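Read from first to last, the chains carry the letters A, B and C; within each, the first residue is number 1.
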Amino acid sequence: MTQPDLLSSAQLAHSLLLLRQQAPLVHCMTNDVVQTFTANVLLALRASPAMVIDAQEAAQFAGFADALVINVGTLTRERSAAMLTAVKAAQQAGKPWTLDPVAVGALTLRTEFCQQLLPLQPAAIRGNASEILALAQQSAGGRGVDSVHQADAALDAAAALAQRYRTLVAVTGEVDYVTDGSRMLAIPGGSPLMTRVVGTGCALSAVVAAFASLPGDRLQHIAAACGVMALAGEQAARSVAGPGSFVAAFIDALWTLEVAV
Amino acid sequence: MTQPDLLSSAQLAHSLLLLRQQAPLVHCMTNDVVQTFTANVLLALRASPAMVIDAQEAAQFAGFADALVINVGTLTRERSAAMLTAVKAAQQAGKPWTLDPVAVGALTLRTEFCQQLLPLQPAAIRGNASEILALAQQSAGGRGVDSVHQADAALDAAAALAQRYRTLVAVTGEVDYVTDGSRMLAIPGGSPLMTRVVGTGCALSAVVAAFASLPGDRLQHIAAACGVMALAGEQAARSVAGPGSFVAAFIDALWTLEVAV
Amino acid sequence: MTQPDLLSSAQLAHSLLLLRQQAPLVHCMTNDVVQTFTANVLLALRASPAMVIDAQEAAQFAGFADALVINVGTLTRERSAAMLTAVKAAQQAGKPWTLDPVAVGALTLRTEFCQQLLPLQPAAIRGNASEILALAQQSAGGRGVDSVHQADAALDAAAALAQRYRTLVAVTGEVDYVTDGSRMLAIPGGSPLMTRVVGTGCALSAVVAAFASLPGDRLQHIAAACGVMALAGEQAARSVAGPGSFVAAFIDALWTLEVAV
């Protein structure tokens, strides 16, 4: 694989503009902890969130939604069944779906479930280095939900995963990387405060799902999803006293984000 | 039906004062996304929220609570059973219950469940135009959780629903309307930012439930519930940079709201 | 029992410093309403939250986590089974677990479940006066989730509970008290705004769980947990317009807290 290219401001601006125009309806089957934050992040970007969780309803909703995100943070056996139904319905309806393999590796239920989902053609996978390594079966995972690896330690695993499942993989950390197995884009930026607020990674996965629904170069769009969140994080961090005030400033930054084209 | 009357400031002030005095305990069986925001909205108004969800406990809790709100946003079959038990217990205990038919119409489980609940004498129903039209079986519903109709397009449906089930219907949007099928009150105001924050509609339903427990003119009280939220939304929108900072400002406004009598 | 001693600033500073150094991973099985706030409170203190809820995964997670908190606020029969599995796994792994008996007393499922948990050697129990009285079977509990008793009315019950189950009991209110049945520490402070924001008590229980994992004098550490929250509450309340802005200011205060040693 060649060295990663930097995502340009022009690429980011193009994708963000497109997202605001398309305002995709994002079906979120996500964990208990990040529901509100995920919804508000999507709304601030002009997308529409919808959290439909019953198996039957989730299958029906594939006909309406533009994208689906599956996040296994608070998985249960019952929820995994509903998620599987939703993924299959999205697949049949030709809607892109994105996987967030939260804390995959050490915990059996979610690890087996993610392995079951991988062949179902995800449009994208978004995880931290430990999660991507575990998903590629190159590590036993992180400590809880946090990564014990730097993002660049997982680049080979990300590329292998992308090639094997013909998907895009975003491995995020201090620098984010998005790859399709041959090309790779790097997105620096963000703020350490983002790791002191619950749900920035999970919300990013929902944003990746939203951007994956846009027409055009999906690799670029998903890199832009990472770039938009990193940029808003930087802007927000400049003016706040701590992670409490960061949350509001971050959402405001997503709302007002202006990117030079 | 005659033309709607405007809710007066004096009416709003009377109902708000009463709510703060009575501090009703509101049993909330609501969706996963809006739990925290709903609780904080009720607390800022001096009401007490309680989210009791197990069927058996929910039935017991009807003896303690002053009001119940049922919100089908993240319905599952199991939750619908617990909600039905809670509604029947509230009915038997003579406690008013309020229905929020989130995204009713296109999704079968919630649509059938709401139709099952309607004959159980709700004190009030609060929805957007698409939801009220769908509940009155005059439309197939909205797009996800957002309305594709203006509130005034659903006024006839709201009145028909109110008459048929002898309840009050609040159909909310840029202007809110509350009707008992013969009288109708209109409540203008609010802010577009309220549609960019998840849960303002769902929280309003919990506030409607709280106001429905007050002695006196229930139509006026429920219109006041809409008016209080609209007024707080207007006040909050004046001073904020976006939907992130709006949330805190909105709760603060509910807390400090002073209404000229 | 002797009169309570005041927790000193030096004790508080010592425990807080230790917590920030150890950064414990806290397994939270808590209620639907307080997930985000609980996680953000722990993160602001430099601890790591992890909400793992499936029975099998929760049992596995006992090997990774440093502490467990069980909060019965939105208990269901299924959740109680997963919680019981988690408690037993924590016990076997020698990890301390903390009980928050939300609204115990009047509601049968949670009351019976908490009585079932008590013999399983909790490291700590954190509740308001009504909850502690109900748990000690000296009262039928509060009104919803709020206490109808002052904390000092439950001091004898707290001491009896601590002695009977060889645990530490924190009974919190305007003044907080922590006892092991013979010693008792008192922690004044806090702000009335803390009762107008959902989850401050529940988050405190998670913080108690985190502090219970520290080496040294557990009674002092748990009193420090109460003291840290009270101090942050006081600082936050000074600068805010209401409970909305209080949330962010409170998290920021936890993040920046400096305590004179």
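Keep in mind that, in the parts below, a contact is a pair of C-beta atoms (placed from the backbone, for glycine too) under 8 Å apart; a residue touches a chain by one contact, two chains touch by 3 or more.
In this text the structure is predicted, and so the values were computed from the model without any measurement.
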Report summary line: Turning subunit A onto subunit C by a C-alpha fit takes a rotation, in degrees to the nearest 5, of 120
Query raised in the report: Residue numbers at the subunit A-subunit B interface: does the shared fraction exceed half, giving same, or fall under half, giving different?
Result: different
Report summary line: Between the Cα centroids of subunit A and subunit B the separation in whole angstrom comes to 33
**Report entry** Per-residue multi-chain contacts in subunit C, two or more chains
**Finding:** 32, 35-36, 247-248
Requested in this report: Flag every residue of subunit C that touches subunit B in the complex, lowest number first.
Outcome: 31-37, 73-77, 103, 106-110, 143-146, 196-199, 240-245, 247-248
Query raised in the report: What does subunit C use to touch subunit A in their complex?
Result: 25, 32, 35-36, 39-40, 43-44, 48-54, 56-57, 60-61, 64-65, 247-256
